[in-house]
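Following are the structures in question.
Two complexes, one shared chain (subunit A), two partners (subunit B, subunit C).
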Partner chain A sequence: MFKAIIESEKLKETIEAVSSIVDEAKINLTPDGISVKAVDPANVAMITLNLKSAAFEEFTATEGELGVDLNRLNDILGMAEKAEIVEIELDEESHKLVIGMSGLTYKISLLDPASIRKEPKVPQLELPARIVLTGTDLKRAVKAAEKVSDHMGMGIDGEIFYLEAEGDSDRMRLDMTKDQLISLEPGDARSLFSLDYLSDMVKSAGKANEVTIELGKDFPTMIKFQIAGGNGEVNYLLAPRIESD
Partner chain B sequence: MPSLCVSCKGKGLCGRPACPILERFKSLGTTPKLSDNIFGASPPSVFVGRYGYPQVSAGPLVPPEVTGSDAAVYDSPGSWNNLSIRDIVGLRSGLVRSNIKFHVKDASNPDAMLQKTQELALSEKPVDTEVWFSKVPRVGLRFDGVLSPMGPAGEVTKLDIAQNPVVPRQVDKAVSDTDARAVDEIGELYNADITVDHINRLLSIGLLGKQRKIVPTRWSITATDDMVGKMLIDDIRYFPEVNDVLLYSGGLHGNHFEILVFPGAFAYELIEIWMPKAVWSTGATSVGSDWEDYGGKKGYSNLGGGYYAARLPVLEHLHRMHRSANVFAIREITPDYWAPLGVWVVREAAREAVSSVPVSFDSVNDALDDMSLRINTVSEMWRPESKLLDRKMNQKRLMDFL
Partner chain C sequence: MTEKPTEWAEKYRPKNLTEIAGHRTIINDLVSWANKWETGVPKDKALIFYGKPGVGKTSAAYALAYQMEWDVIELNASDQRTAGIIQKVAGSASRMGTFDGTSGRRLIILDEADNLHGNYDRGGARAIISVVKGTSQPVILIANEYYQMDPALRLACKPVQFRTINSTTIVSALKAICKNEGIMVGVGVIETIADSANGDLRSAINDLQAMSIGKHELEVDDIITAPRDVKETVFKLMDHVFKAADMRSAQQAAWQVDESPDNLINWIDENLPIGYKDAHDMAAGYFQLARADLFLGRVRRRQNYGLWRYASLLMTGGVSAVRTHSHSGYNKYQAPQFWRKLGQTRAKRNIRDSLAGKIGGICHVSGAYARTDLIWFFKHLMKSKVHSVGLAAELKLNPDEIAFLMDTKPTTKKVGKIYDEAQQLIKDEIEHDIEVFGGFGKEKTEKMQVNSLLEFNGTKGTGGTEGTDEKDGTEGIDETDVSHTDVDNADSVATEKKNQSSLFDF
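Up next is the complex of A and B:
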C-alpha cells in the first residue's frame, strides 16, 4: 500500500535525479520513505537515492516496490506548477499509479519490477580526497569542459582542486583554492570522467547548495548532494575513463 | 564529417540546377515501348514524390507489356542479389511512373484515381493495370540516394485496374482499422510476415493510421525501417547479452559490411566510409558515423536513411538470436558501387553480412584486427570516429571496482 502527498518540485527533483541514469527504475517503498538504487545499462554510472517520509506532506507505505517508466512520470509531472501539491496513490487492483494535481487525475501503468535491471552491487570505495563546493560552481565547470572535450579530469594538486578538459586543439582548466570551496580534504587524486555522464548528473547536482565530491586516483568518483530541502539524499557513482597517454 | 555530396545524395544542396553526379547515369537505361496508353502488371509498386509537398505527384509504376508474375521482379530488391548494377538500372528503366496530383490529405477521402492506386498497393502480387497519359511519357531515368532508379514518367488522365488485387488478410485488417495508430499497425503487419516493402507501400499511399496522409516514398521508406527497428529494439533490450565476440562479414554491389557483435547492453553504431570513386564521392575518402545507446536514437541520423536501413537486418538477427549486444558496424562503399541504386542496397548488403557464418574471437581487439584486413581504408581513418569502441576500450565499468 502506498499513498503520499508531496510538493511537485520535490518529486520532480527526485525523479529527475534518477532519470539522468536510467529510463526505468524500481522504487522501493518502506514506512520511512522511498529509495532507488540503479545502474546505467553500460555499468558506468550508478545512483542511490533516499527520500524520507518527512519530505512528504503525508506519507503512508508498506514494504513494496514500484516499477516506473521515469520519462512518462517526468512528462506528467511537467503539468504541475512549482509549488503545487501532488497526490500519488497505488491502485493495487489495477496495478496503476494514480496521480492527482489540482483537479487532474492521471492513471499510469506500472512496469513489472522483474523486467527492470537488477539492483546493482555497490562498490565500497575508500576515496582519499573530499571536496565540497556549490552546485553552481560544479555545473559551470562541466559546461566549460563540454566546450572543448568529451571528458573532464578532476584532481587535487596540493591545496587546489582542479577540473580540466583537453580537446584536439583547445584546453580548459579551472583551479579552485580552499577558500573558493566550501571545504577541502586533499589527498592523492586524479581521475578522468566522461562528460556524457557528468553533464546529466550536474542537471540535478547543479541545483544543490552543497555538492560533495569524493575522488581517488583512476578510481570512481562519488558525487553526493541533498534534495527536497534536506529530506533526501542523492549519491552518484561514476566509473573513470582510462587516461590515454 | 562526410563530404557535401555524400550527405546530399542528389538533393541539390550545392545549389546547381541538376546534380552533376546523377546526370552521368542518365544514358544508362533501356527505353521501353512507349505510347500515351500502356498496359502491364504493376509489380505492384507505387511512387509518391516529395516536390510541392503537401501537393504531391503519386501513382502506380507499370512496366509496359509485362504481365503476370514476370512483373514482380521490377520492384523486389530482395530478389536482385544476382543482378549487376547495370541489370538493375536496365530493369528499373523499363518501369513507367504515372503521376497524378494529390493533396497529402486526400488519403482519407480518396477520389477514384487514388482509390485505384491504393487498391493496387494492397496487393502482394502483380496487378494488371492500364494507364492513359496526357501525352507520351517522357523518356528518362531518375536516380536518387534513397529511391531505386526510375524510368519514364507522364501525367495521367485515366487509370484502370484490370485485375483483383491479392490482399493478405492482415493487410486487409490493418487498412480497414482507422482507430489504430500507424506505428502499431506496422508492428502487427511486420509480425504477420508482411514484407517491409509492402508495409512501406501501404504507409506511403496513405492506408495506415488514424489521420491518414500520403507520404513521399523517400520518407516512408526510412519511416518504416525506423519504426520496425524501434519495435525490435524494445524487445532486444530485455534479451540476455551475447557471450561471445562475433564478426560477420559480407556485402552487395560494392557495399561491404563488417558487423561486430560483442557483450554489452544494447547499443548500435554505424561507420560509413565512402572510398574515392564510389558514387557520391568527391575525390577523397569520406567517413561518417552515428550511434545509439541503450536509450535509443533521438532525432534523425546524420547518415540519413542508410543508418536505419543497415540497422534493420542487424536487429532482425539479434531478435532471432534472442540476444542483446553492442553492435559495431562498418559499411565501406567501394568504387564497385558506381551508380546509386537506392537505400535498399544498404538493407540487403547488411542482410547479406548478418547471414554469413560468424567468426568468433577472444577479444574485440582481435576481431578489429581481422576486420581491418577486409576494409580497404586504413583503420586510423575510422577507428577514432567510433564512440562505441572508445567506450569499450577507455571507459571503466563500476563492476571493475567491486
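Up next is the complex of A and C:
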C-alpha cells in the first residue's frame, strides 16, 4: 500500500531529477520513504535518489515497487501550482496511481516493473578530488561550455578547479579558485564528460544550494546534491568520455 | 531476475565462448579481436555477424562480452531505431567510458541490423554508419542477410560469417539439454530433430521443448514437427517459375518468398525475357502476366485482397504452364528496374501532369483525360509557328512545359523565344484589360479572387467544374489577377534559366 501527501514542488523536483536519465523508472517504496536507482539506455549515466518520508506532509507505505512512466507523471504534475498539495495513492485493485490536486483527480496506469530495465549495481568509487560549489555556478559553467563543444573537461590544477571545453575552433575555460568555491579537496583529477548528459543533470542540480562533485583521472564523476529542502538526496554518476584524437 | 526463463533456447544460451556449439575458428578470431580492444582501439572497430537464424550470432556476441567482462548494451528491432535514438543511445555508448573509467569496455550490439524498416527507422542506417566510424568502443552488428545491408555500412565493418551448424554438433547440444532436463530419449529421436532443423540450433531446441512438454520419455513416434518452412530468396523463385515441372510447384515456391504479388509481378516481368529464350513462350508468358495484372488492378480498385490469389497463381503457375520448351542453364536474374525508372522520370512526369492539368482546365476535361488523349494534339499545335506563342500564353506555360511539348530541353533558344513572346503577349493583354475594366469597383475585385481560386482548381485537373457564366464575364480580369504573379514568377525562372544556360555554353 502507498499513500502520500506532498508539496507539488518537491515531487516535481524529484521526478525531474530522475527523468533526466530515464523515461521509465522503478520507484521503490519503503516505510521510510521512496528511492530510485536507474541507469540510462546507453549505460553511461546513473542516478540514485532517496526521498525520506520527512519530505512528505504525510507518508504511509509498505515495501513495494511502482513502475512509472516519468514523462506522463511530469506532464500531469505540470497542472499543479508551485505550493499546491498533491495527494498520491496506489489503487491496488486497478493497479493505478491516483493523483489528486485541489479537486482534480488523475488515475494513471502503472507499468509492469518487470518490463523496466533492471536496477543497476551501483559501483563503489574512490574518487581523489572533491569540489563543493553552488548549483548556479555549475549550471553557468555547463551553459558556457555548450556554446563551444559537445563535451567538457573538469579537473583540478593545484588549488584551482577548472572546467574547459574545446570545440572545432573555439575554446572555453573557467577557473575557480578555492575562495570562489564552497570547499575544495584537491587531488589528481581530469576527465572529459558529455555535455548532453551534464546539461540534463544540471537542470536539477542547478537549483541546489550546494553541489558536490567528485572527480578522478579518466574516471566517472559523482554529482551529489540535496532536494526537497534537505529531505532527499540525488546522486548522479556519469561515465567519462573517451578522448578521441 | 530469479525467475527461470521458460524457453530452453534462452535457458541454455551459452554464457562463455567455450559453451558455444561449433564455430571454433570464428571464436578464436573473436578472442583475438577482443584482446586488441584491451590495449587500445583496433583497426576493425566494428564486426558484422551474419548468417542464418539460430546459428549462434547473438549468443556469440553476448558470450564474448561476458567472457571479457565487458558492459553490454543492445539495440534490436523491438526498440525504435530512428536516427535520433541510435545517435543518443548507441552514439553515447560508443564514445563514453564505463563506470570503471575510460579504460572500461562496453560492447554495443545492434541486432537485426538488416531489418531497418523504411519510415519507422528512417535514417537508421546512416546513423549506424556514423556510430561505427566514430566509435571508441567495440561494436557488433548482427544480420541475416549480409548483402541486404547498406553497402556503406558493409564497408565500414569487418564481416564474420556464421555458417549453419552441422547436425552432429546439434545432436550433442540437444543431448546435453535432455540430460539436464531429465528426459529419456529413444534411439534416433535427437538425430531426426537435428536433421530437420537444417543447421538452426535454436529451432532444434524449440522443437525438442515442444515435443517434450509433459513427457519424460521421447520416442520416434513423438516427433510431430513438420519440416520447417525455409525462406527462399526471390532469385530462387525465378528459377522455380521459369523451370518448374508443373504449375503447382511454381505456385508453392511463391509462398515461401516474402514478397507481395504486386512486387513479385515486377520481378517476373523483368526476368521473363531472361528465363524464356523462345519468343512464343515469352509472348505466352507475358499474356499470363497481363492477366495477373488485371487482377492486381481489381485488388487496388475494390480493395479486395482475396483476388491476390488469382494474380499470384497466374503470374507464377500461369507463366510456368504456358512454357513449351524447357529452358535450362544458369540465368543471371536481375532486380526490377521499375521503381528505379519511376524515380528517374519523376521530374518529367511532374511536368507532364502539371501540363495536363492546364490543358484539362482550358478544355474542361479531367487531367487524366488530357494526359492520355489531348497532349499529343497540343504537341502538334506547338509545332506550328502560328499557334505556338498564342498557345503558350493561353495556357501560361512555363519553359519546362513548353520544352516537354516540343520534345526538347527547356534551355534551348527555341523554347526561350516562345516563352518570352508568350510573356509579352500576356503583358499586352493585361494592359489592355486594365484599360477596359479600369473603372470597376470593389465588388469586381472580390470576384476576381474567387475566380483565381477556381483557376487554381482547374490546374489540378477538375477544369470542368468552372461555371461558364463567370468565365464569360470576367475571363479577362481573372487572367490579369493570376498572370501578374505568374509573370513575376516566370520572369525569375527565366532569368535563372538564362544564367544556367550560359554556364552550359562553356
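The rule is short, and it goes like this: the second predicted complex is superposed on the first by the 244 of 245 C-alpha atoms of A that agree within 3 Å, B and C clash if a C-alpha of one lies under 4 Å from a C-alpha of the other, contacts with A are read in each partner's own complex, and residues count from 1 in each chain.
In the analysis below, contacts are C-beta pairs under 8 Å (C-beta built on N, C-alpha and C of every residue); 3 or more make two chains touch, one makes a residue touch a chain.
In this text the structure is predicted, and so the values were computed from the model without any measurement.
Colleague: Once subunit A from each complex is brought into register, does subunit C clash with subunit B or fit beside it?
Modeller: These partners clash in the superposed model.
Colleague: State whether A:D23 touches subunit B only (first), subunit C only (second), both chains, or neither.
Modeller: In the superposed model, A:D23 contacts subunit B only, not subunit C.
Colleague: In the overlay, answer first, second, both or neither for which of subunit B and subunit C A:S115 touches.
Modeller: A:S115 sits against subunit B, while subunit C stays out of touch.
Colleague: According to the stated criteria, A:M46 is in contact with first (subunit B), second (subunit C), both, or neither; which is it?
Modeller: After superposition on chain A, A:M46 lies in contact with both partners, subunit B and subunit C.
Colleague: On the A-aligned overlay, A:A239 touches which partner chain: subunit B = first, subunit C = second, or both, or neither?
Modeller: A:A239 sits against subunit B and subunit C alike.
Colleague: Considering only touches as defined above, state whether A:G100 meets subunit B (first), subunit C (second), both or neither.
Modeller: So A:G100 meets neither subunit B nor subunit C here.
Colleague: One more residue to check, A:P128. First (subunit B), second (subunit C), both or neither?
Modeller: neither
Colleague: I'd like to check the shared interface: which positions of subunit A are touched by both subunit B and subunit C across the two complexes?
Modeller: Common to the two interfaces on subunit A: residues 40-44, 46, 123, 125, 194, 218-220, 237, 239-242, 244.
Colleague: Show which residues of subunit A lie in contact with subunit C when the two form their complex.
Modeller: Going by the criterion above, the answer is residues 40-44, 46, 118, 123, 125, 191, 194, 196-197, 216, 218-220, 237, 239-244.
Colleague: Any idea which subunit C residues touch subunit A in the complex?
Modeller: Per the touch definition, subunit C meets subunit A at residues 1, 71, 73, 88-93, 95-104, 106, 134, 136-137.
Colleague: Taking the touch rule as given, give the residues of subunit A at its contact with subunit B in the complex, in rising order.
Modeller: Within the complex, subunit A touches subunit B at residues 23, 39-46, 115, 120-121, 123, 125, 194, 218-220, 237, 239-242, 244.
Colleague: Give every residue of subunit B touching subunit A within the complex, in rising order.
Modeller: So the residues of subunit B touching subunit A come out as 238, 264-267, 293-295, 391, 393-402.
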